[in-house]
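Letters are used for the chains, namely A, B, C and D, taken in the order the chains are written, and counting of residues starts over at 1 for each.
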Amino acid sequence: MSIHKPAITLLISCPDGPGIVAAVSNFIFEHKGNILESDQHSTHKGEYVFFMRTSFDEEGFALSREELLARFQPIAEQFHMQWSVHYTRQQKRVGILVSKLDHCLTDLLWRWKSGELPMDIPFIISNHPDLEPLADMYGVPYYLFPVRRETRGADQQRMLEFMEGKVDFLILARYMQILEPSVVAQYPHRIINIHHSFLPAFIGANPYQRAFERGVKLIGATAHYVTDNLDEGPIIAQDVIHCNHRDTTEDLVRKGRDVERRVLAEAVRLHTENRVLVHENKSIVF
Amino acid sequence: MSIHKPAITLLISCPDGPGIVAAVSNFIFEHKGNILESDQHSTHKGEYVFFMRTSFDEEGFALSREELLARFQPIAEQFHMQWSVHYTRQQKRVGILVSKLDHCLTDLLWRWKSGELPMDIPFIISNHPDLEPLADMYGVPYYLFPVRRETRGADQQRMLEFMEGKVDFLILARYMQILEPSVVAQYPHRIINIHHSFLPAFIGANPYQRAFERGVKLIGATAHYVTDNLDEGPIIAQDVIHCNHRDTTEDLVRKGRDVERRVLAEAVRLHTENRVLVHENKSIVF
Amino acid sequence: MSIHKPAITLLISCPDGPGIVAAVSNFIFEHKGNILESDQHSTHKGEYVFFMRTSFDEEGFALSREELLARFQPIAEQFHMQWSVHYTRQQKRVGILVSKLDHCLTDLLWRWKSGELPMDIPFIISNHPDLEPLADMYGVPYYLFPVRRETRGADQQRMLEFMEGKVDFLILARYMQILEPSVVAQYPHRIINIHHSFLPAFIGANPYQRAFERGVKLIGATAHYVTDNLDEGPIIAQDVIHCNHRDTTEDLVRKGRDVERRVLAEAVRLHTENRVLVHENKSIVF
Amino acid sequence: MSIHKPAITLLISCPDGPGIVAAVSNFIFEHKGNILESDQHSTHKGEYVFFMRTSFDEEGFALSREELLARFQPIAEQFHMQWSVHYTRQQKRVGILVSKLDHCLTDLLWRWKSGELPMDIPFIISNHPDLEPLADMYGVPYYLFPVRRETRGADQQRMLEFMEGKVDFLILARYMQILEPSVVAQYPHRIINIHHSFLPAFIGANPYQRAFERGVKLIGATAHYVTDNLDEGPIIAQDVIHCNHRDTTEDLVRKGRDVERRVLAEAVRLHTENRVLVHENKSIVF
């Protein structure tokens, strides 16, 4: 749901137990917040964990940001919450990392420009110069950070320093470099990656060629948060596209591009609207 | 979500305003209810309407059904709620109405028997004898209520009297008779119908033949609650299936059967789990 | 299937009967053509109609274009064929007509530039100046042809004269003007239009608003050839996207844009690869 | 496409080269065959392989089965074809193997009885007695062939001897035993299996539980021919179903059942209509 009036969103996860929803909604109610959307979920596997996302009008709400943070703290402590507060008036700032492929970047920039993705893009970073003209089209600064295998640690360190304080999350829009653990550690559950997915999986080189040889009838894409386990972080969005024996390897690549950009854009939209909570290695998408 | 421990579900709709969620969750909390699932939605078109579905453990909850009804009443009145309470231990009872086509009935009976649809089926009613053996297979009583055009009012009146007190809702599983307004009035938003849907729509006779002639690439199905406006009640579930020029009219019919039974089963599942709220002509599906 | 070596494609429709495939493939074989793809379809409704699409290598084929046309003519006459020949080396030229909405144009231009759509774009025509910067980005000439209701006939006549001889087909990429019959007559089955599709259909104004009020669970798009019957020409491609009660009218519009641009791009690809044959009001898509 | 008049279907694969289609269609034409459907495909990876499926009316065709086999042989030899001939009047005979889960068997039996699957079912075999009542409902003989781990070779040998000469192909409708190589060898590309598919794949035990823990957004199913490489034979059909964090492990199992039975039924339909050709480890589905 798009929210146009300025809104405040609370994201909460904590051990499950009675009274949480009542405490949170009382808090909002007492300070004259008008709830716009609220969603909860509990998971009951071994431990009981509770998740909540609540949006309410900023207009009319009696507390400033600082007051909100201070006064909610006792409730958060009482229920052992992990929590965060987000104001729609303060858009997230994103750094987009690309290499040479442009399909995801084109799609993100168009959606961003057309108002679908509420975010600011202070920069695009690439290890190749190829996509600078595309960045120029949309007036987004483009910075070249070449990465060589032998100096990857130092190369990415420079990149990390450049980004410091400028962005809230990163998108790997077909960025063909493995990120150093130091980069991942700096943006926990704040780096969104996209990769193709096949049924069955084809590990290793040339997956499209091998999918073609196997005659798969579906190819898909998965958008996920980056963790230290490559491609195994919490899944945000997935989709597939049908194919058949008439599709050449090149057709599979074309279809793969389509599903990749669609799934990545969806994941970014969910993230910018603060709809994703992560627990262990699983995402809760409200 | 399937809930296996006995649970209580509250369905609420009312004019939107602050304090509703707090009041409801306080009520549950005070009486020692442990919330399992809770979902809310507000719609802001002209008027502001609020919808809520909350499930909590029956075990440990301090109130009996009668106490719950009595003590919640003041809250309901304060917020001008339409509301209902459902216990999973008390399954809904459904009457299934069929004619000659068996694809929807077969699917419903199998899913019911396999535990996917938490409901009791006291009877199947048909205006034709054809599907009695299928009912027998599953041990469900089958009653023949022929309907003639000239005596439809009286015929359906007899049917209505037979059903009285025996069921909570009805499924029209390809029942090829228009229901009298008196029957519809008896089961408001409690009769689920399935019909095929085409893009574009083909009004009138032989829609599959006309869809074939037009070369449609999709055919779909819509499950909805029956109202006095034929096929125009609130939509519960919809889906489509792809087709192409190689599909004969008969192939379209076969694909139509597939999507119809899938969509009907989904709508029935949502209804039996008390996941559907209706406001004006729109359904909210939690 | 993408064909990279230069290829020749034959499209044929004729009354069905024995010997057609043999005659065509003998013809190709005798003149040393190596068949790359071949697909046939017959429809048996009342009359028997036969459709065929065959692609073969241009390299090695013994006949020039003129010779091919001349020598195939007797076969075409023998079987009462409607037929056409297409060389991949000679890309189709397309004129794109737009108004103010950019989602379809953006998508078409990106796919065109990335090589997915084998076509030349001599010009973009619009009745509004808004999308000229987008055309400039991709270096495509943009011409403003305002259309006023009172002078639509004359306005479109000027447009028609401008286009004459410059293009092989037209794309209406959300062009919000009804085309004059004189324009349609000039490009029979060569104007591709896209429009949203709902289940059920919502005829008239504000369909997204009405779809929202009805609570539809699907919205779709249909790409079709334009005929004199508005929005009722042969369907080339269709798809849908799921939605739910959380989607605002604006979300439905966003999802509608997504499915529209996807379906339009697919229809254009099929057309540029000569994969669509039309018979009566139905398309055969190979 | 369903073919109701008796038809003959030719399936051909051979090294690609000019003249094949002409030779085959000439052959059919000369003997007064009226082609109903014809589809070809060539694959150009390293070697060039050609695939063809042609159906023509049995009525009016001048050759008996024996004459057809004899007279086509020289053409087959000329082009080094692997080929087979199928008469729709002679339905394939299938043995269905099951264990305890009934969702696939229920679906197959219903579709078979309703005429969707043109095949005879001489028997159902199981290593458990559980599904005998279901077989009885549909009047299909049910044979119990227990399989113990220590004696699996001998157990399956007895089964193999029992089946000999009775069936043309096998369906593993959730048969939870690994087939001995001797069984697989007896029915090359004639054993259809169904298994769940996840993105990413979860190898090993409890895949639904692990998919739940990972928070997958899709689960799928793959129908394939059984080869000696477990679950790695040529894919016939695949599909997926969407899911989200609200789905419990049990919901995933339910959705998995739905997509499994749908995909298996589709694969069986394609096989019974002789629409699947296998080349190396890939299926061509016409």
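To be clear about the criterion, a contact is a pair of C-beta atoms (placed from the backbone, for glycine too) under 8 Å apart; a residue touches a chain by one contact, two chains touch by 3 or more.
Treat the numbers as computed from the prediction; the structure is a model and nothing was measured.
Visitor: Going only between touching chains, how few steps reach subunit C from subunit A?
Guide: Step count on the best path from subunit A to subunit C: 1.
Visitor: Of all chains present, which has the mean Cα position farthest from that of subunit C?
Guide: When every chain centre is compared against subunit C, the largest gap points to B.
Visitor: Comparing the two chain pairs, does A-B have more C-beta contacts than A-D, or is it the other way round?
Guide: A-D
Visitor: From the C-alpha centre of subunit A to that of subunit D, how far is it in Å?
Guide: Chain centres of subunit A and subunit D, defined by C-alpha means, are spaced 41 Å apart.
Visitor: In whole angstrom, how far does the Cα centroid of subunit A sit from the Cα centroid of subunit B?
Guide: Computed value for the inter-centroid distance: 36 Å.
Visitor: Any chance you could list the residues of subunit A touching two or more other chains?
Guide: In subunit A, residues 37, 41, 246 touch at least two other chains, as defined above.
Visitor: Can you name the residues of subunit D that touch subunit C in the complex?
Guide: Result: residues 17-19, 21-22, 25-26, 28-29, 32-42, 44, 242 of subunit D touch subunit C.
Visitor: Can you list the residues on subunit A that touch subunit C in the complex?
Guide: 1-2, 37, 102-103, 106, 110, 114, 116, 137, 246-248, 250-251, 254, 258, 262
Visitor: Going by the contact rule at the top, pick out the subunit D residues touching subunit A in the complex.
Guide: 41, 43, 45, 197-201, 212-218, 220, 222, 231-232, 234-235, 237-240, 244-246, 280-285
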